[in-house]
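In what follows, structures are represented as structure tokens.
What follows is subunit A paired twice: with subunit B in the first complex and subunit C in the second.
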Partner chain A sequence: MSNSRLFARLLLQQNGVRNCYTASRKHLYIDKDTKVICQGFTGKQGTFHSQQAIDYGSRLVGGVSPGKGGRTHLGVPVFNSVKEAREGTGAEATVIYVPPPFAGAAIMEAIDAGMPLVVCITEGIPQQDMVKVKHKLLRQSTTRLIGPNCPGVINPGECKIGIMPGHIHKKGRIGIGGDPFNGTDFIDCLEVFLQDPKTEGIILIGEIGGNAEENAADYLKQHNSGTNAKPVVSFIAGLTAPPGRRMGHAGAIIAGGKGGAKEKIAALQQAGVVVSMSPAQLGSTMFKEFEKRKML
Partner chain B sequence: MVLHSDLFRVNMAASIVSQTVARGLRGASAKHLFLDKFKCAQVSSRRWLNLQEYQSKKLMQESGVTVQRFYVADNAPDALQAAKRLGAKEIVLKAQILAGGRGKGVFDSGLKGGVHLTKDPSVVGELANRMLGYSLTTKQTPKEGVKVKMVMVAEALDITRETYFAILMDRACNGPVMVGSPQGGMDIEEVADKTPELIFKEVIDIFEGVRDDQALRMAANLGFKGPLERQAADQIKRLYDLFLKVDATQVEVNPLGETPEGQVVCFDAKINFDDNAEFRQKAVFALDDMSESDPTETEAAKWDLKYIGLDGNIACFVNGAGLAMATCDIIDLHGGKPANFLDLGGGVKEKQVYEAFKLLTADPKVEAILVNIFGGIVNCAIIANGITKACRELELKVPLVVRLEGTNVQEAKRILSESGLPIVAANDLEDAAKKAVAAIAKK
Partner chain C sequence: MSAKAISEQTGKEFLYKHICTSAAVQNRFRYANVTSETDWDRLTQDHPWLLTERLVVKPDQLIKCRGKLGLVGVNLDLVGVQEWLKPRLMRETTVAKAKGILKNFLIEPFVAHTQEEEFYICIYATREGDHVLFHHEGGVDVGDVDAKAQRLLVGVDDKLSEDSVKEQLFMHVPEDKKEVLVSFVVGLFNLYEDLYFTYLEINPLVVNQNGVFVLDMAAKIDATADYICKAKWGDVEFPPPFGREAYPEEAYIADLDAKSGASLKLTILNPLGRIWTMVAGGGASVVYSDTICDLGGVDELANYGEYSGAPSEQQTYDYAKTILSLMTREKHHEGKVLIIGGSIANFTNVAATFKGIVRAIKDYQGPLKENGVTIFVRRGGPNYQEGLRVMGEVGKTTGIPIYVFGTETHMTAIVGMALGHQPIPNQPPVAAHTANFLLNSSTNSLQKPSSKEDPELPQLQRISSLAFK
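Moving on to the complex of A and B:
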């Protein structure tokens, strides 16, 4: 079979499959009514962050801890499985604090239970496990996954699903994580934010490795240009990272001249994104953009 | 003097032989850059799990992959015995070090070349005597070379054709992908550049595995004909089995060769492992030989700290890889030079904080330390306790700038201020970076 036919077929396969999953992007919206459960509920991390979520005002309605169903923890019921928890509480979102050896299976369970939003905080899930999760994820449209290895998603004042400290947030935020195989990428988030009338500006934080930022730049060129374009400010971490070394995140590596910060910055700038060289200047840079466009 | 490559004897023009030898026998980083045209990120182990050639080949053998028959020996008499036991027409003796460029290396015993071909077992014994226990210096080793503790005694095989074959986890395809070319043994980057139609790709379904038709098609595309096509397809499937079995992120075989006797043989392989899978790959990770790694990075790995040494003089102490990179970036932006990348991780314990701090303060080139903690999962108080303990026990001789934010920050700030230690508090990341750079300038 000729190479070009093979690649064309692959492309179609990929696009076709993606359309199925992209339908689940709408579940990235959370608000004060979103009912959340916690998988890994009675563990150390699960307990600590569930308490934080409750304190913040998120609607935590229950949790999952196999074998501990029937008990109460932090004032809400514990279930043996995600299916039971969803049936018992009507939860629409789950946050996973399960250790790496079991986290992949936990995500699968949530998908099987038809959970609309799954946020997986766990860092260190084997890539093979995530490849299997992604296989399942891409062939359905009910469940949206954020992560793994991510801080979560927050709608300040309304709902916080994840580990980010609540008090510092004033705008909506999704942390998608640094793993190479994950559930939600920049484009998924951009689509939501570009279409959301309440979102006035977008801050995109990227890092070395992969080409998610370049893909995001392409997407912005197509969907965020002209008079109605929303200001996008960005910071790309890793300008000082040496090539060939993996900087912590499973995905953060520059190799073979690809995945470097300079290329990402250039691609984003060509798409009209204002790139800040300092991570500490994102707020002020966005402020200046608002001023320039007389949005204040 | 012509240098013989250990991997193969090529019945081709001498110029191509020297080209392939110059390419490097194993481990040369350049040849692995090729794969990045196909995948977006080459993932390498956090601990840089590096296996010796014989260890990789043993893993391959265990999966039924055909490699040259071999033994290993850590002393000359055993090497001689092994050579005799092989009963091979010709023997190749290879020093086992992680660094590449062995063929052109030099031992401090005076022996030239870390790889030798001979038909005489007794020569193997003599040469092994001049390798084992001596330091081999190559273009890829530090100046003083690497001590050779093990040699591989293998059957030398002629190779009539070289192909390139690799399996890797590819982000763009959301899973495993096979990549191959009938033009192995040459600079594969050049092949991709000049004749991309000679690069073949097959996407593998993680639940289906490699289908028969895929394996046969790849084998045919690699140029294997007749009975060799089925043999190559079989080797391809076994390599994929290995790829899954050891949680590899990449298995690269170059060359996957054809012998005059009609055998398909993997003459060399580089395997990269997913270190997230360490908990279920204990046997593989136990093979890790850290003797050639940077000692600080090795020590850090012992405490599960993600540490990478850089050239500068401002040490970084951060939670979160993205933030750690950003911290290095902002130091650079303000005219400083980061001495390291260090990601403490989310579930970091006080002991790890203490050990990390010890590592940083022990580094002679460090002239200031910048602590940047943005605590989500991380409890700032744990960081504060770890730091104060470390500072008290080791004498803190360099300026320490601390920026804390997040979970339990008030308690952490209290611990630090009550410690009596000369800590410079910073309001935000920019302030911290500026203060760290200024602290050095002051001296």
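Moving on to the complex of A and C:
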């Protein structure tokens, strides 16, 4: 097959499957009725964070720990598999606290069980595992993955799936994770937030490495301009990291002119995003944007 | 995941040990490592071919384009190699903008060959799968490979077939070399997958009537796959980039990191610098480094690192003592600062981690005072008030100036204070409420918010024992 035909097929394939997976974006939205299960339920991390979730008010309806099905843990049933847990509880979301050697398989199991939302907290999953997960993920439209290596997603006062401290949150927030092969990127979140009537402003926090922020800037140029554009404020960490140095989450490296903080900031500014030079000023910057647009 | 570069020697070792191919791979294990400690008699005993063959010598320190930089000695005998090394071994050299010492060299047999026998191959990972690049004109002057090379994408879960290699990559390869090369390329790809490489480049790959010669190799492997590949990798070393030293303290922390579910990272940038950091979290650590550099501290920034994921008191002590030890080795006339920073911890028990740091401060109080160290602390998270309290106390009992701030102060405000750009405000009173749970019963005093009035705060609950299985 000639190179150009191969390239065309790849492009079609990518666009085609992209439409498939993007249909699952709506599952990013969680609320007080969302039923959640926990994979790795009876392990140390699973137990600790599940108790936190229950205390916060999340609807934790069960958990998965192979070989321990039938028991009760923290007051809810334990199942042997995600499929059984979903059948037994009607859960719509799962949170994974499984160590790296088994986390990839845990995500696959959740996809196979048709779980609408999967949040994977685990850090350190081998790249090859995640490439396979991503490959499967892109060819279906039921399951939405957040992570891996992320703190989770929270709808304050309603539902908390992940490790973030609940009491500090007043506005909606998703932590999508630092790994290069992740399930949900900025564009996925932006689409949900731009279309959600309750979301008035968006804060986007980025970091050196990769080009997710540049892609987000392109998306915003196309979908968030004009009079109805929502204010977007951003902070990019790693401005002073020189090329070749390994820093931050998952050891991001700036290589070959891509992935540097300056480039990201420029791209975002061209898309109408107000970039704050300090995380401390994100709140006040957003406030000024609201003032400018007379949204207060 | 963490794709890390390995040395040329390590890459070749993996290849010679584990590649499955019918192609005759020559000069297997024929490489000799040379440093300033090398005992040449011993070396020639272990590698007798050094005395009989013509040789090539070059540094093995993750340096690119060594040929163009004049860093390759070609077609020499052993005496010639030693002469070549004299002006280069342990000499400072600048490569791009990095200054470093040339200290690790590789000697291999010289393989005479023609341009027609040189090929280029590279395999690397992307989201869609693995790309295989191949060019029939390899060597030092290969030029822009992206533009010139033949390219083949092996999709996820797909295999590399001999037919697709021949059809898509070998358009310009002479017939008599196709079979040998195709077997080698497929074998190389399988090696790449089995050993969790993320990048593997051989330039030049020489193919002549005697077989296949791997004259050079640059590679990266996925360090998170250690638990899968340990048996094949052995104890693999990841060399630092050229221009940066590998410190035993970094190896020590990396070892602690590997043994724990928590994250402990340390990179030493400038051991003589006066600004040291001990920051919690990957995100916060990048932000603190940015801020320090923004405020003009880039030349004095001594280290980059982070600790997170709920390390124990002991682990935090081990981490802290490493930093305190490093920062008290050599005095600086302006004194030094230690920035113990962080945002609001997700779930790390700040009281526990800070007790570890305090213990280390107590152990190092002598050297800390001799080196004129001032400590700035900013932190939030579970039990942070207890953490801040013990920090403030150790300052009083040891006489070391320690300034302590909680979440009422912006995360990076202490950087301005530490660098003398901002006056240090009076220490704020400890805030009235904490996260809504107590972890270990490390303190007897219970801080109860008026949760009935404040709708943001869920009910305070005590977890005195959790059922861990």
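The rule is simple: the second predicted complex is superposed on the first by the 287 of 296 C-alpha atoms of A that agree within 3 Å, B and C clash if a C-alpha of one lies under 4 Å from a C-alpha of the other, contacts with A are read in each partner's own complex, and residues count from 1 in each chain.
The working rule: a residue touches a chain if its C-beta (ideal position, glycine included) is under 8 Å from a C-beta of that chain, and two chains touch if they have at least 3 such contacts.
No experiment lies behind these values; they were computed from the predicted model shown.
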| item | value |
| --- | --- |
| Fit or clash - subunit C, subunit B, common subunit A | clash |
| Which superposed partner A:Glu109 touches (first subunit B, second subunit C, both, neither) | neither |
| First, second, both or neither for A:Asp188, with subunit B first and subunit C second | neither |
| Contacts of A:Glu92 with subunit B and subunit C, given as first, second, both or neither | neither |
| Contacts of A:Gly57 with subunit B and subunit C, given as first, second, both or neither | second |
| Contacts of A:Ile208 with subunit B and subunit C, given as first, second, both or neither | both |
| Touching partner for A:Thr47 - first (subunit B), second (subunit C), both, neither | second |
| On subunit A, positions contacted by subunit B and by subunit C | 1, 3, 6, 10, 14, 45, 49, 52, 100-101, 123-128, 131-132, 134-135, 151, 163-165, 168, 178, 180-181, 205, 207-208, 237-241, 244-251, 277-280 |
| Parts of subunit A lying in touch with subunit B, wherever the complex brings them together | 1, 3, 6-7, 10, 13-14, 45, 49, 52, 100-101, 121, 123-128, 131-132, 134-135, 138, 151, 162-165, 168, 178, 180-181, 205, 207-212, 235, 237-242, 244-253, 255-259, 277-281 |
| Residues on subunit A engaged by subunit C in the complex (per definition of touch) | 1, 3, 6, 10, 14, 42-45, 47-49, 51-52, 55-57, 68, 73, 99-101, 123-128, 130-132, 134-135, 151, 163-168, 170, 178-181, 205, 207-208, 237-241, 244-251, 261, 277-280 |
| Interfacial residue positions of subunit C with respect to subunit A in the complex | 1-4, 98, 125, 127-129, 151, 153, 155-157, 167-168, 193, 196, 198, 222, 224-225, 227-228, 241, 261, 263, 267, 282-283, 285-287, 289-294, 298, 304, 309, 344-347, 381-382, 410-413, 435-437, 456-459, 461, 463, 466-469 |
| Touching residues (chain side subunit B, partner subunit A) in the complex | 29, 32-37, 40-46, 169, 171-176, 196-197, 199-201, 203, 205-207, 217, 244, 247, 249, 274, 276-277, 279-280, 306, 308, 310, 320-326, 328-333, 338, 341, 343, 345-347, 375-377, 405-407, 428-430, 433 |
